[in-house]
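The next block holds one structure in the form of structure tokens; read it before the comments.
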Amino acid sequence: MMAALGISLRDPAAWVFLAFAAMTVASALLVAVSRNIIYSAYSLLLTFFGVAGLYAFLDADFLAAAQLLVYVGGILVLILFGVMLTHKIRDINLSNETTNPIVGAVIAGLLFLVLAYVSMRTDWQVVDRGPATPTTQEIGRAFVGKYLLPFEASSILLLGALIGAAYLSRHERKKEA
Amino acid sequence: MQLIQFAHGLLPFLAKWPDWVVYLAVVFLFAFAILNTLVAPLTGISTYIERRLAGRAQYRWGPNRVGIRSLLAAMPITRPISKLADVQPFKFIGSKIPGGLLQFAADGLKLFTKEDIIPAQADKMLFRLSPYVVMAGSFAAFAVFPVSFWCSAINLNIGIFYVLGMSSVVVPGILMAGWGSANKWALFGGMRSASQIVSYEIPVAIALMTVVMLAGTMNMNEIVATQRSGYGIEKAGFLGWYLFRYGGLMIVPFVIYFIGGCAEVNRTPFDLPEGESELVSGYHTEYSGFRWSFFFMAEYSNMFAVGAIATTMFLGGPLPPYPVQFTESLPMLIRFGEGFFWFFAKSYFFVLVMIHMRWTLPRYRIDQLMQLCWKVLMPIALVWFVLMCGIKMARMEMAAPAEAPVVAEVHK
Amino acid sequence: MRYDYVGVLVFLVLAVGFVFIGMLAQRIVSGFLHTNRPNAAKLSPYECGEEPVGGTFIRFNIRFYVMALVFIVFDVEVVLLFPWARVYQELYAFYRTALFWDMLVFVGILALGLAYIWGKGDLEWVKTFEKHLSPAEKVARPHTKKEAA
Amino acid sequence: MPLAVAANNMPVASLEWFLLVGAFLFACGIFTILTRKNAVSVLMGVELVLNAANVNLVAFSRFVKAPATLGPAGIELPKGVDPHLVYGAPWIGGNVFAAFVIILAAAEAAVALGIILGIYRNLGDVDVDQVTGMKG
Amino acid sequence: MAHGHDDHGHGSGHDAGHGSAAPGGHDDHGHGGGHDDHAHGAAAAGGHGGGHETHFQPAGMSRGLAVLVLALGVAGGFFSLGVTGHFDFGGRVIDLNDLFDTPWPALTVLCLPLVAAFVQIFVGRKLPRRGDWVSTGAVMVGLAISLMMFGRMIGIYDWQFQRIHEIEWIGLFTRSAPGQPDVTSFRIPMGILIDNITVIMLVVVTLISTLVHIFSMGYMVDEPRYSRFYAFLSIFTFSMLGLILCHNVFALYMFWELVGLSSYLLIGFWFEKKSAADAQKKAFLANRVGDIGMFLGIVTFFYFTGQITYAGIFKGVAEGAFSNHMGLLTIAGCLLFCGAIGKSAQFPLHVWLPDAMEGPTPVSALIHAATMVAAGVYLVTRMFPVFTPDALIVVAWFGGITAIFAATIALCANDIKKVLAYSTVSQLGYMIMGLGASAYTNGFFHLWTHAFFKACLFLGSGSVIHAVHTQDMREMGGLWKKMPITFGAMLLSTFAIAGVPGTSGFTSKDGILGDLLFAAHHHAALWPIVVFAFVGAGLTAFYMFRLIFMTFTGKPKVQEKFDHAHESPWVMAAPLVILGALAILSDKGGWFQELVGPPPSAASAAIRMDLIAHGQPVVEEAKESAHEGGEHESAEAHPSNEAASAETSTSARRHPYEDPLEHEKHPAHTTAMIISIFVAGSGIFLSWLTYQKKVISAPKIAAALPGVHNLLLNKYYVDEFITYFLVQPFLALAYGCARFDLKVIDFTVNAWGYFTVLCSRVAGLFDQKVVDGTVNGTADVVQSAGTALSRFQTGRIKTYLAWSVAGALLLVGGFHLVTNWKHVFVRRPAAVVEPAK
């Protein structure tokens, strides 16, 4: 059974995994189709949380926490602010209309099929890494070692984002005034 | 793993059970214990203490009626016993027991039976979901607190980082409450609160990162373990706590952390999001009854969590201020109690400090609040982080000086 | 290690369950006691007992967004620095002082960002408001910067 | 009966499961981007796409064969030192890249929302279908 | 020490009186030959009374003197600390060999001025005293470390002492194969080299720089861009230190250009003056001309040896990288020397140096007299092993021509700084000439001594200019009474540069002349150089004393300026005193001759020695005497002899350089000494007769030889030559090209245009009738197609995304489906999980 499914249904953890995967998938779907943008946003919360759970299942403990810290605590808050700054609270529909859902669905469905086909049909070179180990220090070592340049460069990226976004918002304020 | 072994040692028959069942059971018990000691009742007790302290601060009594005696007097069966209070020596003992001790229980009962109002225009789903998110976010942080020596519900190797991550889950919950209430005060309070919490998270995180950098680990148990020794003493007592290490330099991150922590739990002087003179009650304006009490509980458990983090990261967690060899030979259960006592005492001390601050300091204005965060705490925290890195570097350099950094020496 | 996250799940489930059971019990008790008697006044938005004025549309200050924006950048900085802080001690023997400079460059670049938005006044909450004040009013209003510090 | 997953050190589900979830997230994200009128919603779709990529990265990092070492060539470590303890485990690359993607997402969200607010101020709405200044 | 107040003590008190004791004799001459000795005599009488001026501030001066003595004591302390080699720091014995065994001291010396420069640039103006103490302190710390190094060098006393600290600067990797370690294909090292030459240069640069910094506190005090000036000085110091510390030619080239840049900045410091702005551009461009040659030389060496470090290049040359191209080696050496021509102001490119005197005088002292212009000499010294005999002859000729050429121009110059500038050019010519004639030690020795006395002269002239506010010597005169310290110091330096026995200049110049004479005996091509050198020596003595007589003695030409003259404040006077003393003393001890010797031969050394010693196997002798028995037989081909150095780094044995040809050279040296004393003496005497006694009338001579005089006054028309024969031809060429463009090409184009118009008229009919029909039809089709297609460009980002995703899907999925349609629906076997290792 495991060979066929790639998962052992007698394993209780597998059910937890399935629950998490289902939650992620369902909430992602809700993000995509919800009529209410605020529901979309909070479905995104669940998606982020589910992805964090998937990270935990993949033994990426640092990323799971980083996912919570950045995505849930940062990006989602930013998105919610964005929603609240661009909407009236009383909008029933919250102007989350869709256009061309059929075309989008066809494209997205085909995309999913192709991706699924590729991931199912590829002969992945899977290896057993032994017992799971903490990843924070490994990431830290990689940061100061091979990935030092991206590490430092990311600060430049952040600097650019900060300055750019601050500039945009400043532009806003000038107009406002 | 430790928990499983501990359970096996305590109850041998558990060895026959599957590991995961034992683990689940133990963690569940642990979590349940925390919920039922450190979160729910502690909220009530803290409420009582806060009101008494507020009474002292405002030259009044505070709750002093609903106590044990009134409870006894309320029920016909026990009413005769309550009469004993007029008789010595019970009169003397009774005079020593403060009145109003059961006020919080009465309040709880009231809240439980109160009408649960959901405004007509509210987004019912978000309105109902919000307490779940807020409670989950604030309660999950308790999973890694080392309530005693090497004793936390989960021995997570990203400990403090996990705490930061989990506490940031609360923010969308608060926004949920604010939006879902369909009330302008609530929404305003929610946005203020979210803005404030996320802003103050930065100095807090940097201050905590300073400790992580010094300790070289993020596991809270291990951070506690690194505080057993210091200044070259193997079991250093309070000298080993990070607050007193490095010649007192760590006081600055500690202060930054504590200020930021107070701001993160929206306590005075940072209680803008729920400043009653401006926003009625902030994001939970529309909440009432038992639903409201979850926000209340989350606030008080967050206060305790702030104290617990400060204790763990700066004040040695469960480590006693005296060198541990004094009590090392005691039986395990007593040692557990000792650790728990110190952890709880230190953490609760901060709760008391926060309560005192609430009744002592006036509220900040929103611009002052943000400027305090971004223009004072944040630069200081960052600079201090770099400073401590430099000091750590100097110490490591002295401990093991570099070999001559000469790659090649060519001679004529 | 994998157990640990099951533990996290237990905590989350317990918290959610606590609220759920609490609300359930409250619902039952209120049904039993018939406390639930809504009316139009109760269900209107609470505005200190007054009639609700206007809609609930609020034009938010864009500052909220700016704060969140600054936050997210530095949040990510913290996320990146945590692994560094974790390995600083143990890798010092190999990289020596270079490790410190790595961090300093990273922090320094972001500090530049902070300095930039600071200098450009993006951290001021009331700056746009002050622009509209007459000079006399400005004199009458003590400058906020000094107060905040 | 110990946990089945603990027996072979592998995650509870095989790589394909994670890839499928990732693919579904990706498709949902693309669908959201394609069909939503609201710019904030489009941004959510972008976040979904990035998350999908991250799931894939971390899954590959966990499952798939890694290079021999992350260390630079030609530099000898002192004897008896495990290079993995200095340069990090070789398979961590996927996690590191996921971390970078998270950073990227943060930066992107900040700037994108700035732009969205700009659109809102200018057009009074955040309908991306109305932003057709580049129309030929 | 840098905390002296703005103490413009016009000191000419007791302390100054000592300095003027010797010149008192000259004063008598002034009386004897004076035309207007009345006023002069009165002033002199007052002067003998001690402080004839109203500003008499012994306190300021004595405090300055105390600081001076203290500074000398401290400097001596650092020096002797270095000689001792270790010191006990409260029980911790600090081994001062670490000065060389670790790179950090040298890097500290190097980087402090850079830091100071940044501080000055960014916050300099806000600092107290406008931040001059930052730069000064930085370079003072450098001086202290350099002095310790110097002492340690004396303590080690090994002429072959050398330390190299290097890191890999650029390493390009080539991935060899997946899973295999990468292969480094290309490495560029970066590092520092410390040997005796480096240490000596360090002391020169930091010492002169320190004194100039201090001097500038007084000289530049009224300057609004004061802190910028110090920033530039610091940048210069940094560049120069980097130039002498680096161990490879790439870094040398970088710092070389940096030195050029700082020179550019400092010459044009007063850029409001057009002359200064022109001078800075001129200096920059002239240097660039030389640098192109140098760059080509460097590239040539890199191409043939594949190395950029000195040691690597020498090794490569020694191992025969050029064995099939000996001519090319000569050319490469000459190209390298081009850099020196530019930077050291040798003959064709010397034109920038006199103009560079537009910069502030301390700058002239620091850059254009003592240090930067020495960079060319340093380059030749450093790269000496790669110069073939032929290249050396070229070098010697350039040096000789420059020496005599500049000396003659200096005869007629009236600007005090121009005189000094030409004398600098001339002296640099001597150094280059000496190096070219294989007088390695003495050539470099002259750099060392010249640095002190020339810096002293320049600072002295700065002091004079500061006092009288003019640079024209014809407006000065009799200043010695007003400025006794300046006069004393400058006189000592003039003795040195003129080659009066007992001074440092005598020793070094005599060494060059002797070696030159010796070399000329063996190579006839050097004989003209010998003549140039001796004549130049006489001319040097003549024009330098002309300067002294015109400036300091005689009667004041412009009374008004004389009245306002005053002795400079002690921050300006103290460097003068130190440098004046060093001008006399810097040759004492003989250590220089024993510590600086020609480096072990690279490819050309054997030939060079053959050239000089007629085929005697002197190379072997030199080796053996240096290595005491020659542990390494093959050492001659290996600049890096680790065994020898490992020994010297620890043991206290002395390894002085012994010139294998010392006995052969002795007669030549004796001869040269006699001739040079005679020549110098006659130069001084003639100068005295001409400008002091006025027995010989210079104007009459000038009138008698109008052609020569004009030639000299116009500096041999070199500038004009360059203008007319280089600049103008190029301009003419450009005009020519432009005219060709206008007349020929444009004409062709226009003609073609007319032709085309004609054709098109004809074609137009055909076009309108036939083609347009087709074209319009096509255009209509295209337009309607474009309209249809432009709907795809909706401006909506979503549409684009949809199309791109669909396209990607089509590419990936469709292509796969088409090509592998048979296999798509057949399931592959499940993946196999490898067990844990």
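In order of appearance the chains are A, B, C, D and E, and numbering begins at 1 in each one.
What we mean here is this: a residue touches a chain if its C-beta (ideal position, glycine included) is under 8 Å from a C-beta of that chain, and two chains touch if they have at least 3 such contacts.
If you're wondering where the values come from, they're calculated on a predicted model, not measured in any experiment.
Least step count on the touch graph, chain A to chain B: 1. When chain centres are set by their Cα atoms, the one at the greatest distance from chain E is B. Between A-C and D-E, more C-beta contact pairs are found at A-C.
Between chain A and chain E, the centres computed from C-alpha atoms are 61 Å apart. One simple way to say how far apart two chains are is to compare their mean CA positions; for chain A and chain D this gives 7 Å. We define each chain's centre as the mean of its Cα atoms; on that basis chain B and chain D are separated by 33 Å. Between chain B and chain E the centroid-to-centroid distance comes to 67 Å (mean Cα coordinates, whole Å).
In chain B, the residues that touch at least two other chains are 20, 121, 156-157, 161-162, 182, 184, 187, 191, 194, 198, 201, 218, 405. Among all residues of chain A, those that touch two or more other chains are 12-13, 16, 57, 59, 61-62, 64, 66-67, 69-70, 73-75, 77-78, 81-82, 84-85, 89-90, 99, 103-104, 107, 111, 124-134, 136-137, 139-141, 143, 154, 158, 161-162, 165, 169, 172, 176.
Under the contact definition stated at the top, the residues of chain D that touch 2 or more other chains are 3, 5-6, 8-10, 14-15, 30, 34-35, 72, 85-86, 99, 102-103, 106-107, 109-110, 113-114, 117, 129. Looking at the complex, you find that chain C touches chain B at residues 1, 3-4, 6-8, 10-12, 14-16, 18-20, 22-23, 25-27, 29-30, 33, 35-38, 40, 42-48, 56, 58, 60, 63-64, 67-68, 70-72, 74-75, 78, 81-82, 84-90, 92-93, 96-97, 99-100, 103-104, 107, 111, 114, 118, 123-126, 144-145, 147-149.
Against chain C, the residues of chain A that register as touching in their complex are 13, 16, 53, 56-57, 59, 61-62, 64, 66, 69-70, 73-75, 77-78, 81-82, 84-85, 88-90, 131-134, 136-137, 139-141, 143-144, 148, 151-152, 154-156, 158-159, 161-163, 165-166, 169-170, 172-173, 176-177.
Residues 3, 5-6, 77, 85-86, 99, 102-103, 106-107, 109-110, 113-114, 117 of chain D are the ones that touch chain C when the two sit in their complex.
Listing the residues of chain D that touch chain E in their complex gives 8-10, 14-15, 30, 33-35, 42, 67-68, 72-74, 128-129, 131-136.
Listed in rising order, the residues of chain A touching chain B in the complex are 12-13, 38-39, 42, 45, 49, 61-62, 64-69, 72-74, 76-77, 80-81, 84, 89-90, 134, 136.
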